[in-house]
Every structure is written in structure tokens, then in C-alpha cells.
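In the two assemblies presented below, chain A is common to both, partnered first by chain B and then by chain C.
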Partner chain A sequence: MTEPTTVNGAVRNEKASGVNTQKRIKFTFDGRQYTGFEGDTLASALLANDVKLLARSFKYHRPRGVITAGSEEPNAIVELGEGACVEPNTRATMIRLSDGLVANSQNRWPSLKFDISSINNLFSRFLVAGFYYKTFMWPAKAWMFYEKIIRKAAGLGTATRKFDPDRHDKLNQFCEVLVVGAGPAGLSSALALAAQGKNVIIADEQPAPGGMARYQSHDKTRQWIEEKLSQLNALENVRILLSTTVFGAYDGGCYGALEHAKQENDYSPRLRYHRIYAEEAVFATGALERPIVFGNNDLPGVMLAYALRAYVNYYGVIPGKNIVIFTNNNSVYDLAADLLDLGCRVTVIDSRADSEPAGKIRDSGGLVYNNAVVADAKGWQQIEKVSVYQKGLRFDQDCDILAMSGGWTPTVHLQSHLGSRPIFNDELLTINLTELKTETTITVGSAAGIWDHGDCIRSGEMAAEGETAQSLQSNSNATEALYYVSQSRNKSLVDYQNDVALPDIWLAEREGYRSVEHVKRYTTLGMATDQGKTANLNALAILAQARGCSMQQVGTTTFRPPYTPVAMGAYAGRSVGLHFSPVRRTAIHHWHERNGAVMLDVGQWKRPQYYPLNESERLRDAYVREMTHVRSKVGMVDVTTLGKISIQGTDAGEFVNRVYLNRFDTLKIGKVRYGVMLREDGFVFDDGTTTRIAENEYMMTTTTANAASVLLFLERLNQVVWPELKVHVFSVTDQWAGIALAGPNSRKVLEQVVDDADVSNDALPFMGFLETTICGVQARIFRISFSGEVAYEINVPADYGESLWAYLLEKGSNFELKPYGTESMGALRIEKGHVVGAELDGRTTVQDIGFGKMLENCKKPIFIGQYYSRRRLFNDPERMQLVGLVSTDKTMSFKNGSQILAEPEITDTPVDSLGYVTSMTYSPERDENIALAFISGGLSRWEDKIVYAHFPLFKLTVEAKVVSPHFIDPQGERLRG
Partner chain B sequence: MRIRCPYCGPRDHSEFSYEGDATIKRPQNEDAKAWHDYVYLRANPRGRHKELWSHVAGCRAWVVVERNTLTHEIYESYLPGDMKDD
Partner chain C sequence: MVKLNARSALESGYVLGTHGARLDNPIRLWERRGLIMHNLAVWDTEAVNGLLQPQLGIRLPETGQSTVNSSACVLWTGPGRYLIAAGEPGTAEILSAVSDEHCALQDMSSARTVVRIQGDACRSMMAKGLTVNIAKQVFTTGQVILSSFDHHYPVIIHNVSSDIDTFDIYITRSFALSFWHWLCDSSLEFGYQVIDAETNG
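Coming up: the complex of A and B.
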């Protein structure tokens, strides 16, 4: 007999293999400092410090302690960390102890020992299944109010709203075989596969391999694990991922795995999300021990038998001296022997009439009661005694720990993710897969219903040969069908985490919820963060008994990923903050920044909105100043972000001709044409200009917003719809920097910068194109205008963007060239009545925007929208058409999205709207507030009439006169000058 | 899930953009029903289906992927020009 040794006030079994008693670790729980050892979990360290009360339950606020030693823990749920690092709802059984670790209990107020809401426990007979739904259903509005209070009282931890300071990472992994689980079956399988030369990844959620075998006291088993680990470590074709949970199995051999990567004093990311692509998978996922449902089976000090074995043999924690073990199977007798060896008092309460290993325990000084059950646990905040029921008699038995085992349930979640449906097996008395092998997966070890250590190893080796181990399945633990104790007098929990008790399931069944999926949703059984890993099978058995049917008839619920909770941060990886979405900067970006531009996000692009003169100049003053300057002198704007698509090939002309509504086959080399693109349903898709650069080369520009969708559409036409056309389309947006020069002085500036080209109105007229050089650099000059002024768009290779910008500024200084931003650019185009995305929102036709002539003139046999653009209803005069609005009161400006009515007041709702405002600005040239709008009947009905633009949200009404949308230079004389 | 691009080999599906039914044909005439079906009607088949996927974050090829809409199994993928009519 080994005497327990005392280390730092805590009793530890010196044979413990999982902790390093040479290295102490300080940590804090609920404000108190404790000491544990390297290798401890928070749960084992707290147990070692005799802290048994760790949490309050979800609904009834019952005191709760540690139940398990693994990831299925439903009770010991704590809040980990502080401040921005806080992580609510973490399982104390899975938290590796690290120096300075801080954890707090949750769902209690004011303290864990004295929790006011535990009064819920006294009223618990009213808080049955469906209570909230029934009580707060009516009146409907009251639910909104009650819900907040309920959520606060019944709940879990609170997530922080602060930015996560930890780093997380994502990576892709590829292998021939993924082995999930590094217990005896997984280790033997991985080794056998590796010996065949297979590229293997073996993953286990625990930080050390061995699975449940680690918790045994036999030296031989421990040596076997060590030996297999070192053999695997020596192999180059094997990767071992520890502390890594394979949480989901997806289509095409893709598996999601979460690695808790961060070690103490190490710069690894905290979490790593592995996307593992495996041709085949071996599931050696083991089995979970079931609790037994009896009175107060959630009292701190009650735990699963395997967990006690883990704490005693692996973590070296002996949490009690007087131990009762309640079982319906043989798997606990090794634990009883271990405990007797350590000098504990051991009493086994065995529900079975006879238990073969009992003799050995009795010989070693232990007590074994057969035909007996634990009816109730008793004690204040932790277990003090149990009430045993045997053959009609009840007696109390003192104890400080109660270990229970209700049998074992194979972990088949991943198989279930892939579509396998586990069913209850009457011989094994547990759920089991109907097929252990699919085309790409095989299930081995305890996950396959195999319990003996040697058989598990054998099944792993057989899997490497492609053989299933169906023959090794048996009820070798001689488990009896005991799921709940009918003699109990106290609350018997089925689902610990969601506080679902035995009567809740009976009530659901009485109220007609017969399907297991309905019972689950009505009682919330299995719906907590642990997904009922310890609860589901007991619940099925209770439901089957209540319905008087077999377990197979009840069926099972569907497991869905993830197996255990995955932090959002792991999915996000490095894609946070600035990296959430790519940032696109033009070649001139840094000049804008250096010169104080206010930058605006336009999709992924950053664009200069305006260039304030000084700190006090606001947007409105700035854009009015900038656009006034363009109209009187000259300005330049960065238009790099416009989509640029190169279209090349012998059929390029035909292709462009089919894409646009208007003709492009007649476009001469060196000319630009404005084009309108439709969708097949006849509505306008996008507009822009296209230039014929050479015989077989066109360059199309799109709006900034539609650049990607236009490109994708052209690619569809090119590759799928008209593959016979010899043409290639590709984006050159990033290859060219674009600068637009606009204003009466623009030609004078251009003359200063081109090397030796004639840019006179005759040589380069409106809609002309010139390929030339500036300072010897290739430059493409397009004479196009969206502002209504004489304007040029200059494209140079992107690398020269900023130098061209600076060169223009220098050479243009004599003509007072100044930069302008997107705000004034937008205002200039509104004054000109040029439509953009706000008007082309997918609901407008060419007739609506005043281009009906284009369609009338179109005689092309093939073009996009050829059929539906000719719908009769598109010519309906009642359709909303583009008009201009002028505010009759100079002090009143429009609001985008305003609804247009004929009356100044809304007297009754609903009211028919005549139309809506799409774009608004102040027009310096007219000294008026103007807007573009769509209005039913259009200009022909409303010209010079008064309408009202209503914006009810701000109680704003603007009286407006309807005018032509071309507020300036309607004949276009200015831009041709 | 991975999709095999005829140019790039098997790549993660996140590099692709789903672009709908590959079997629809743009009408060659002015038949109202043909145009209606082409623009508006899409079958929602159960089982084997020919789909268009664009390798947008790759080589930008459009790929026909034959996929089982029930099991998500991918049978084969090829360029639209290699598609045979059923």
C-alpha cells in the first residue's frame, strides 16, 4: 500500500503520471490564490485544493462541481481570463493550468456560496419544461420584456465587447489518412498505417496521447503509450496534433480541427483552426461514460467513475478518503482496487444481482452491495452521505466522493456529421453504428463498441488493413440496463447543463411530445454548450420507458458540428481589423494622405472624398469650393478605381457589340463611345465608355461599384454563352492609374505635359482617344466628360500614377490646377444629370433614364437584353422616369430616399408615392439645391409643376419644382468646346 | 469541399463562386417561352446536376461541375466547351 504524500498542503498520489510536482503554478479562482502543478487542469488543481463547488446551474442555480475529466463536462463551466481576454463558458476540465491564470465562477450573485437566485430551486416544481413558453406567451409584447429578465437570471457567462487581443491562425493540412483520437486504437492504427508508408495525421483533444488508458494505474499500459508515442514521433510521414479537437466532418474528406496552440511563454497563436483534407479517416474517438439519474446526482462530490480514476491516477488528486462507487457494470472495479491501494475506504453499490470482480474487492477490504442502488445523494453544497436502497430497505452511508458509472456510449459524432445514423443495440446496451466502415472512413476501438484494451489495439491494426472489428464487439463490462433510479426522492438531473430533470421528460411525453426531436426542443435537453454528451442516451431510455416502446423506436437525435464549442476568433483567424477585408489603394493614395485628403471607403477602395483647405473647413464648404473651381478653372481627380476591362481578339468588335445596347461595330479606331449595358431581363445593368484602341482591341470602363460583376458577366458570355467568338476579356484595373482633368483650362494643362502630341480640339475632339507619351511614359488620353466640362482622362501604367499626379500639379500651377475629391465629382455629375449607381439600381430601364431612343434605334440581331428590353410595359408612360428637382426654398436641401408626393402634408397612410429622390446636391452654378429623382409620368407630365419630397423619418418636407435632369449646359456645347 | 479546376487542379471551394445551372441555353430565336425559361426558370434537381462554378479567386476559368445535390459528391468537372448535352 502506497501512502499518499502531502505536497504544498494538497494530497497528491506520487505515482501520478500527468503532473510534474517539481513545477508549481499559481492561479486565482474567484479572487483567491491557489497553487497547482504543471500538467494540472483547472478542475484537477481546484479538486487538489479541496474546492468542490465550482459553479451554479443554469436554471435552478444549484451548486455544481466537477463531473468529468474531459471535454463533455456539463457542470464545471467557468469564465476564463479577465478584461478583453475573458472567455465565458469554458470547461474547467479542459483548461490547462498556466502561471497567473485567472478564472471566475459564473451565473451566481452575489457569490458562489450564497447565490440569491438559488431560490429558483425552491420553486423548481413550477419551473418545469416549457414553463417560460407557457407563462410568458401572452400578451405577446410582454415576452419582449420578460425575456430580458429571464435571460439575465437563467444564463451563462457574458462575452466581452472588447477587441480580442489574442492572435488566432488558420491553416490547411493534407494527408492520406486522418486518425481521430490517440487512445490505444488510434495509436495502433496510426502506427500500422505509417508502416505502410501512408502520410498520416493523428489528432487528439487532450495534450497527451493515450486516451482513457492514461488513467490506468498499470505501469505496463503507461509504458505502451510512451513507446507508441516515441515510435510515431520518429516517423517523418506522421504528424501528431495534440490539444487538437477534430470538431466537424464535412463534404469531400474535409475535417475541421481546433488546436489550443498557445503554451506558456510561447508566441504561438492561442487557437489554430486546421482545415484537414484527408483521403481516408480512422475514427478512434472512444466512448463517454454515462451518469446514472438519481436524486441530487448533481451535488458537488458526485462524479463519473472514470473521472475519479483520472484525478487519482493521472493528476494524482485524491479528492476524498471515503468513497462510494455506484455502478451498473464492471468497468469501475479497477478504480475500486486503485483506491483501496491508496488507503481509501471503498463501498461499491452495484445494481446487478451478481458482479464477478466483487470478490477481489471484498478480499482487499472493500465493501460491495449487490442488488443495490444509490437513491439519493445528501449534503449541504457538497456530498456528505448517500441513501442506499437495497431489497426494499434504505440505509445511509457516509462518503465524501460518489463515483458513478451508468455504462459507456461510443462517441460517433463525426460519423453522424457524415450521415451515419447510430442506433441503439440491445446486446451491447448502448448506441452503435450500423456500418463501422464507409467508403472513406472506418471506426475503431471503443467508438465501435469495443471495450477491452487489447481488443481496441487489435481493431486499430485491423483498420489499417481495411478490416472492421465487428467480431470484437461485446458487452464485456456486463453492463445492466439501469438508467435512472425509481426509488429516488430528490430532484434527479438528466441534462446537467440545461437543468433538465427526470419529471421534465415525463411531462413532455404526457403533453404529447413523442418524437425525440420534439422532446429535445420542448425540454431543451441536449441543447446546452455540451450538447448533452452525458445526457442524451439516458434521456432516450427514459423516454422509451415512458412511451412503453423500445430504444430503437425512440431513435436518436442528430449530431451536428461542432463537437465542442469553437471560438469565433478561430474561424476569423487573421482576418480581423484591417485584415477583415482587403484594402485597395490607388497608386496616388499616399499623395492624398500626405495632403490631408479625407478618405472614404468605396467598397474595398479608399478614395479621397475632399481636400479641406484647413482644419475648420467642412465637407459642404469644401466640395462647393472644389466644384466651383473645376467649372471656372481646372481640377483633377483620381479615377483609378473605375473598372477597366481589356477586350482583345478578332471577334472583339462583335463581342462588344453584343454586350452593349448601342452599336460598337461602327466605332472607329481611336474613338470612344458611351455605352449602356442591359441584363437579359431588359433592365439596365451598367454604363461606361468603351474605346477602340486598335483593330482587335477595345478597352471598356465600368463604374467603380460594378467593376467585378461586369467582369464576371463578360467572362460568362465569353466562356459559356458565346465560346465560338475569338475574344479574351480580362481586368486591367490594377495595371493603369487614372486621372481625370476637368474644367475650361484642362486643355492648356494637357498641352503642357504631353511630350509632342497635338491635343487641340480638332486633333482630339470630344470622344476622341490618343495614345502618346508623357515624359517618355506610355499614356492613354481619353476625351470624355462626366462633369459637363472639357475633360480628359489620362491613364498611365500604375507605377507612374503618383509621379504623373505631381507632374500635372507642377505644370498646371499656371492655370490654377487643383485636386478635387469624389464628393465634388459626384456633385458635378448630378448638375450635369449624368446617371450612376444610385439611379441604375437594377429597377430602371433605358426609357426611364431618357435613353429610349437608343433602344428604338437598335436593329442588332443579337445583344444582351434583346428579348426583354422590348417588353410592352417598359413603354408605359406611368413608369417612374428620371427628372430633376429644384428646391423652391434656397435654404432647404433634399434628402436621398425621400418619397415624392403631390401634397405637402401626409394626412392619411398608406399614401401612394409618385416616386423617390436618388441623388442630391447643392449646385453652386445655379445657387440652388437640386436633386435627381424618379417620378411616375416623368418630365412630360410634371415639368415645371410643384411636388413635395417627404422624408418622414426626419419629418422633413421639401417643396420642389420638377425640371430637366440636365441642370447645366443641356445642349452639351461646353464639353465639346 | 474541393473542386477540381481543369487548369489549377483541386482547389478549395472558397476560391470559386457558384454561378448556377450549366444546362440552360441562350435562345437563338424570339420564342417567348424559351426566353422566359432561360431568364427566369431554374430547375431544383435532386441528385446529379451540372453546375457552373467560376474560379474567381484563381485562374478565372468557368468550370462545369457535375455534383450530387443530395450527397454533395462531385463526379467530374470540365470546361463548358466539353459539356455534352444529356
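Coming up: the complex of A and C.
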């Protein structure tokens, strides 16, 4: 007999292999401090401290203890950590003890022992499946009110709203074979594969390998595990990931895994999300022991037999001295022997008429009742006795622990993720995969319905050879088909976590929910954090019996990822805070920041929206000030973000010609032309200027928003549509910093900075281009204007962008050069009537934006959109066309998106919208609120007429006169000046 | 004449010294500044090789590879596409001599920031954000990967040496500072040391 030892007041089995009794660890549960050992889980440590009540159930607030020793735990759900680090709904069976660990029970008030909501349990016979939906339907409007109360009363833990200070990270891993599960089958498979030279990753959710085998008391088994582990550790082509749950299998050999990482230093992640890419996978995922459904089968002290074996042999915790084991199979008899060896009183209640290992237990002093079942567990907040039913007789049996085993269910979740659907096998009396092998996966060990230790090892080795071990499948535990005890008198839980009891399934069936999927959703069976791992098969059996059909006919529900819960923080990894989204910065970004610019997100770019004079200056005042300055003096704006594409090759001219609606092959070197680009369907795609830099080189500009789309469009045309053209396109957006100088004084400023270049109106006229140097640095100067003023866009290599900006400001100070932001840039272009993305939204044609003549005059044989742009409907005079709007009331400004109606009032009678507002601003030059809009019939029908721009969301109506969209300098005299 | 200073995209985030976990072999990071970089797109590989070899003593690399000598480094960046990085001034003139009959050439010296990383933990660090297999036996000296870090940062990674793991990461300039922050953060658990930037040209 092995003598238990007393350590810190707890009786521990000194042969325990999973804990280091030399290292004590202090932890707190519900505010009380306890001590455990290194290697303990929270569950084992609490059991060692004789704490059996750990939680309250979801709906009825029934007292709950530990029922498993693994990730399938449905009962011992606790809140881990405190403050910002709090993590609700964690399983006590999976929490490794660490010094100072803090855990609390959840879903109870005011305390775990005295939970007021446990009153629900008294009314539980009324709170059946569908109760809330049936009861709180009237009045329907009140459901939103009821829902809050119901959710508050029933639920799991509460997540914190504070920022998670823990680090979580991600890792991409690649291998030839991923072995999931490091039990006997997984270990043997990994070794055999590694011996073939394969690059192997073996992952297991537990911190130590061995699977269920490590819970055995045999030294031989333990030695075998250690030997295999050390062999694997010695191999360079094997990576061992412990405390790592492969939670999902996805297409293309991609697997998701979550590692509870070791805290090696202050920067180690707590959770690490692995994305594992494997050519093949071996699923050695083992099997889960099933509970048996009987009265009060959720009382603390009732646990699965394997769990008790784990606590006794691995963690060394002996949570009781008087133990009843209830079974329908042989797998519990080793546990009975272990317990007898430790001096416990053992009574086995075996539902079968005969059990071969019973004799040995009787010989060792244990009691075995055959043809008997546990009908009910009894006790207040923890088990004290069981009511045994045998051949028509009932009797009570005292106990402090009840271990149960209803047989084993292979863990086939990952295979199910990949599309395999397990079915019930009458011979094995459990679910099983029809095919153990697919093109890239193979299932071995207990996951394949193989129970014997040696057979599991053999199946792993066979998998390495590509062979399945179907022949090794058997009901070697002699499991009998017992899923629930009909003689029970108390609430019999099928799904512990969702408080789904036997009558709930019967009720669902009676109410017509015959499909297993419907029963699942009606009763919530198989949902929540445990996903019904311990409940599903029993529920299928109960439903099959209720329906009077076979288990195969009932079918199975679909397992979906994740296998076990994955914290959102793990998915996010380091993509939080500063790293939430990458930021694109222009070369002048830091100058803008240093000088108080208010930055605006434009896609991933940061752009200066405006430069407030002081803290009190608001956006409207600032942009009006800035644009007034540009119109009267000179301003400069950072336009680096505009897309810039270099098009090179001997066919570059022809290529650009085909891409744009208007001609470009005739463009002279050193000249710029505005171009409109259509899509194949004839609508406008983008616009911008393109410059002929050299005979075989053009530089195209695009809007900031369309920079990537246009590049992709050009690449597709180049590579797929016209591969015969000798052209290459390069994005040079990042190569050049762009600064636009605009205003009457812009030329004077430019003259101050260029090295020996003539930038006079004659030498560099509107739409001219000059390649020169500024302070010796290569500079490209484009005489183009977005604002409508005399303007130049200067490009220098981005490395020099900020220096040039500062130099311009210095040299331009004599001419009152000031920076302006995107807000005033946009307002200036609205005054000028230039279109941008707001107008070119994919629904507008060249005719709509006033470039119909460009299309009429186009005689080119090939250009994108050439056929569809000439569709009759595109010339329909009723189409919405670009116009300008001026508010008749100077105090009223427009809202973008306003709908334009002919009537001042919106009535209940639906009317057609005449159009909509796309861009609006205040025009300081005109001292009016103006807007660009599309209106049916355009200027030819509406010029100088009154319309109404309605913005119903704000109950805003602006009376407006329809005018030309060119609010200033319609002849373009300024920009040519 | 007033001189305009070239400024690195990493300037505001480049903090010299050792950071993160205090381990024996931290990752070493530094910027390679002043490299002259050109994108080269080729229609006739042999013709371009015929021009490049006498001028730079270098040939265009095979798919996924690089060719390196003391004057330049040529990285394969796609079918018929290459990135030429050179530290020597004058390389641009040599490259410009390459006829545009056979190829197109584009100066990208300011378009990319180049970061060199070195150390045993480099691969583990990069594996955090790279969905490409960079195991030692797969991603070997001289090989080139075009991918993105963390699904966002477009990069070219050149395995400079597997003896002491050394990689050059070419990142689009506008993303460079954001990527640098990511790189430093990802290196924290291994410890990292930022050393003086290398100056070329």
C-alpha cells in the first residue's frame, strides 16, 4: 500500500508525478489565501485544500465543483486575475498555479456559499427550455426590458472594460506534419515521423506530454512517456508545443493554436496565438470520458473517474476517503485499485450484469455491486451519500466522492472542422469517424476508437507509414449502453454548463424539435464555453430514445472552431494601441506634428487637416483663414499622398493613350495634361494629371484614395490585356515628397528656391513641367493647379521632403508663405469646381461631370471604356449632372449627402429625389455657402432656379440657387497668370 | 549654397541602445542609409545581363534569389523585376546606361527604408508577422522573400547570411516608422540593440 503524506494540511499521494512538493505556491480564491505546489492546477490545489464548491451554475445557480481534469470542464468556471487583467470564464482545471494567483468565483451574490439566485433552483421545474421566450413575449415591446434582467440573473462572468495590460502575441509556424496530442499515439507517431526525416510539430494542450497515460500509477508507463519525450527533445526536426491547444483546423493545412506561454521575462506574451501551416496532420486527440445522467449528478464531489485518477496519481490529491465509483465499463477498475492501494474505501456501482475486473477489486477489499446504478447523489453543497438502485431495491451508500464513467467519446472536433462528420458506431458504442484517413490527415489512438495503451502506440506508428488502425478498434472496455438512469428522482443534468436537464430534451422533442440541431438551439445544449464536450453524446442518446429511432438517425451536431475558448486578446496579439493599424506618414509628417497641425486619417495616411493659430481656433475659422491667405498671398500644402505612377517603355505613350479617355501620345515632353480614366463599364474611374517626362517615360498622378487601385488597374492592363506593349509601371508615390505652392505669390517663392532655372510664365506656363534642382537636390516642378490660383507642385526625393518644406517657408517668408491643410485644399477646389472622389464615386460618367465634349471629340481606336461610355443612356439629358449650389441664406450651410428636392417641405408622400450634394464649403471669396451637387437635368434645366437641399437626419433644409460649379475664375485666368 | 539635409523616415523612432529583455544575444538592428536603389523591369534578360555584367560585374538573379558583389546587390522581386541596391555613388549613372530598349529603370532610393537585423532570434521574431516559412533550412543565404509583415507592411526580405542570421528588410518609406515600431516591439521579448545607422553613398 502507498502511504499518503500530509503536506500543508492536505493529504497528498507521494508518488504523484505532476507536482513538485518542494515548491509551495500561494494563491487566493474568493479572497482567502491557500497554498498549493508547483505543477498544481487551480482545481487540484483547491481540492487539496478540501475546497469542493467552486462555482454556481449558469441558470439555476446550483452549487458546482470540479468534474474533470481537463479542458472540457463545464462546472469549475472561475474568474482569473483582477483589475484590468481579469479573465472571466476560465476553467479551474486548466489554470496553472503561479505565485500570487488570484481567482474568484463568479455568477453568484453575495457569496459562493450563499447565493441568492439559487432560489431559481427551487423553481427549476418551471424554468424549462424555452421558458423565457414563452413567458416574456407579451407585450413584445417589453422584451428589451426583460432581456436585461434575465441576462443579469443568468450568465457567466463579466469582462473588464479596462485596457488589457498583458502582452499577447502571434506566431506563424510551418511544418511537414503537425501531430495534435502528445499522448501515447501522438508521441509514437511523432517519433516515427521524425525518424523519417519529417519536420514535425507536436502540440498538446497540457503542460506535460502523456495524455491520459500520465494519470496512470504504473511506473512503466511514466518511464515510457519520459523516454519518448527525451527522444523527441533530442531531435532537431521536432518542435514540441506544450500548453498549446490546437483549437481549429482550416483549409489549406492551416491550424489555429493557442499557447499559454511561459513568462520567461517581462516581455513574454501571456497568450501566444500560433498559426500553424502543416502539409499533413496526425490527430492524436484522445477521447473524453462521459458522465452518466442521474439525479443531482452535478453535486460538488461528483467527478469523472479519469479526473479522480488524475488528481490522485498525477497531482497527488486525495479528495476523499470513502469513494463510490459508478460505471458502465471496465476503464474505472484501475482507479479502484489505485484508491484501494491508497487506503481508501471503494465501492463500485456497475450497471452491467458482470464485470471481469470486479473480482480483483473484491479480493483487495473493495465492494462491487453489479446490475446496479446510482439513482441520485445526495448532500448539501457537496456529496454525502448516493442512492443506489439495484434490482428494484434502493439503498443509500455514504461517500465523499463519486467518480463516474459512462464510456469514452473520441475527440474528433478538428476532423469535423475539416468537414468529416462523425456517426454513432453501434459496436464501439460511441461516435466515430467513417474515414480515419483523408488526403492530408490521419486519426490515431483513442480519437480513432482505440483504447488499449499498446494499440494506441501501434496506431501512431502505423500512421507514420500512412496506414490507418481501423483493425485495432474495439469496445475493449466492454462499455454498456447506459446514458441516463431512469430511476432518478432528482434533477438530472445532461449539459452541466447550460443547466440542460433530462426533461428539457424530452420537452423539446414533444414540442416538435426533432432535429438534433433544433434541439441544440432550443435547449442551448452543447453551447457555451465547453461546447457540450461532456454532454453531446448523452443528449443524442436521450433524443434518439425519445424519438424512438437509432442514434445514427439522430445524427450529430457540427463541431466548429474553436475547440476551447480563445481570448480575444490572443486573436488581436500585438495589434493594439500603437500597432492597431499601420500608419503611413509623409516625409513632412513630423514638421506638421511639431507645428500643431490637426492630423486627419485618410486611409492609412496621416494628413494635416489644418494648422490652428491657437487652441481656441476652430476648424471653420482656420480653413477660411488659410484659403483666404492662399487666394491673396501664397500657401503650401503637403500633397505627398497623391498617387504617383511612373510608366516607362517604348510603348508608354500608346499605353497611356489607351488608359485615358483623352489623347496622351501627342503630349510633348515637358508638358502636363489632365486625364480622365474610365472603367470598362464606361463610368469614370479616376482623374489626374499625367506628365511626359521623357520620350518613353510618363508620370501619372492619381487621387490619394485610388493610388493603389489605379496601379493594380494598370498592372492588369499591362500584364493581361495588352502584354504585347513594351511597358512597365512603377509606383513612385513613396519616392517623391510633394509640395503644392499656390497663390498669387507662388512664382516669387519658387524663384527664390530653384537653382538657376527660369520659372517665368513663358518658360514654365500652365501645364508645363520642369526638371531642375533645388539646393542641388533633384526637383520636378509641375505647373498645375488644384486651387485655381497660380500654382506649382514640387516633387523632391522623399528624403529631402521635410528639409525642402522648411527651406520654402524660410525663403517664402518675405512673400508671407504659410502652410495650409487638406480642409482648405478641399474648400479651394470646391470653389474652383474640381471633382474628386466625392464626385467620382463610381456612378458618374464623363457627361455627368461636364466632360462630355472630351468623349465626343475622342477618335482614338482603343481606350478603356470606349464602348460602354457611349451607351445611349449615358447621354440621357435626365441623368444627374454636376452643378453648383449657392445657399440663398448666408447663415445656412449645406450638408454633404443632402437630397435635393424641388419642394421646401418633406411630406409623407414619396417623391423622386432630384439629386444630392457631394461637397460643400463656405466660400470666403463669395461670402456664401456653396456646394457641388448632382442634379437631374443639370445646369441646362436648373440654372438660376431654386431647389431645396434636405438633410432629414438633422431636420435641415437649405434653400439654394443652382449655378455653374465653377464658383471662381471660370475662364481660368488666374491659374494661367 | 544652402544644403538640404536628407532625413531618414526612422529618425524620430531611432533610439540607440539596448532595449527589452536582458538576454545574452539580443537582436541587433540598424538602418542602412543612403543606399542607391533602383527598380529594374526587364524585357530581355540576356541583353540586360550583357550590359550589367561588364559595368557592375553582376548578373540578374534567378527566381527568389539575389546576386551580390562589392558594388551592388540585385534582388529578384518578381518575374522580370529586380531591385538593385548599391552603396557606391555613380551606380545610378551606370544603370542609366542600360538601354530602355531592354528594360525600364526607376530610381527608388527614397522610396524604401532598409533595416538590417541580425541575431539568432531574428527568425523567431519575424515569424510573428510573416506568413512565409523562414526556417533555416528553407530560407537560406541569398534568398529573397516578398511578403508583408502583420498583413500590413509590404516588405522585401533579403537573407544576407545564415551563418550569423542577418537579414535586410526593405520597407516602403511611408510605412517605415510604423514598421520600425512593430519591429522593435516584436523584438522586446528577445532583447534588441539599436546600433548606429550605416551610411552609404
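Keep this in mind: the second predicted complex is superposed on the first by the 961 of 977 C-alpha atoms of A that agree within 3 Å, B and C clash if a C-alpha of one lies under 4 Å from a C-alpha of the other, contacts with A are read in each partner's own complex, and residues count from 1 in each chain.
Keep in mind that, in the parts below, a contact is a pair of C-beta atoms (placed from the backbone, for glycine too) under 8 Å apart; a residue touches a chain by one contact, two chains touch by 3 or more.
None of the values given here were measured: they were computed from a predicted structure.
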{"item": "Touching partner for A:583 - first (chain B), second (chain C), both, neither", "value": "second"}
{"item": "Which of chain B and chain C A:277 touches, first, second, both or neither", "value": "both"}
{"item": "Chain A residues touched by each partner, larger count belonging to chain B or chain C", "value": "C"}
{"item": "Which of chain B and chain C A:681 touches, first, second, both or neither", "value": "first"}
{"item": "First, second, both or neither for A:250, with chain B first and chain C second", "value": "first"}
{"item": "Contacts of A:172 with chain B and chain C, given as first, second, both or neither", "value": "both"}
{"item": "Which superposed partner A:720 touches (first chain B, second chain C, both, neither)", "value": "first"}
{"item": "Touched partner set for A:591, first chain B, second chain C, both or neither", "value": "neither"}
{"item": "First (chain B), second (chain C), both or neither touched by A:798", "value": "second"}
{"item": "Partner chain in contact with A:712 - chain B first, chain C second, else both or neither", "value": "first"}
{"item": "Contacts on chain A seen with chain B and repeated with chain C across the two complexes", "value": "172, 275, 277, 730"}
{"item": "Interface residues, chain B side, partner chain A - complex", "value": "1-2, 12, 17, 19, 22, 26-27, 30, 35, 38-40, 52, 54, 56, 60-62, 71-74, 79-81"}
{"item": "Touching residues (chain side chain C, partner chain A) in the complex", "value": "1-9, 11-12, 20-23, 39, 41, 43, 100-101, 104-112, 124, 127-133, 135, 137-138, 150, 152-153, 172-175, 177-179, 181-182, 185-186, 188-189"}
{"item": "In the complex with chain B, residue positions of chain A that touch it", "value": "172, 250-252, 254, 275, 277, 419, 680-681, 712, 715-716, 719-721, 723, 730, 867-868"}
{"item": "Chain A to chain C touching residues, read off their complex", "value": "167, 169-174, 199, 264-269, 275, 277, 573-575, 578-579, 581-587, 590, 604-605, 640, 646, 648-650, 696, 726-728, 730, 732-737, 755, 774-777, 796-804, 807"}
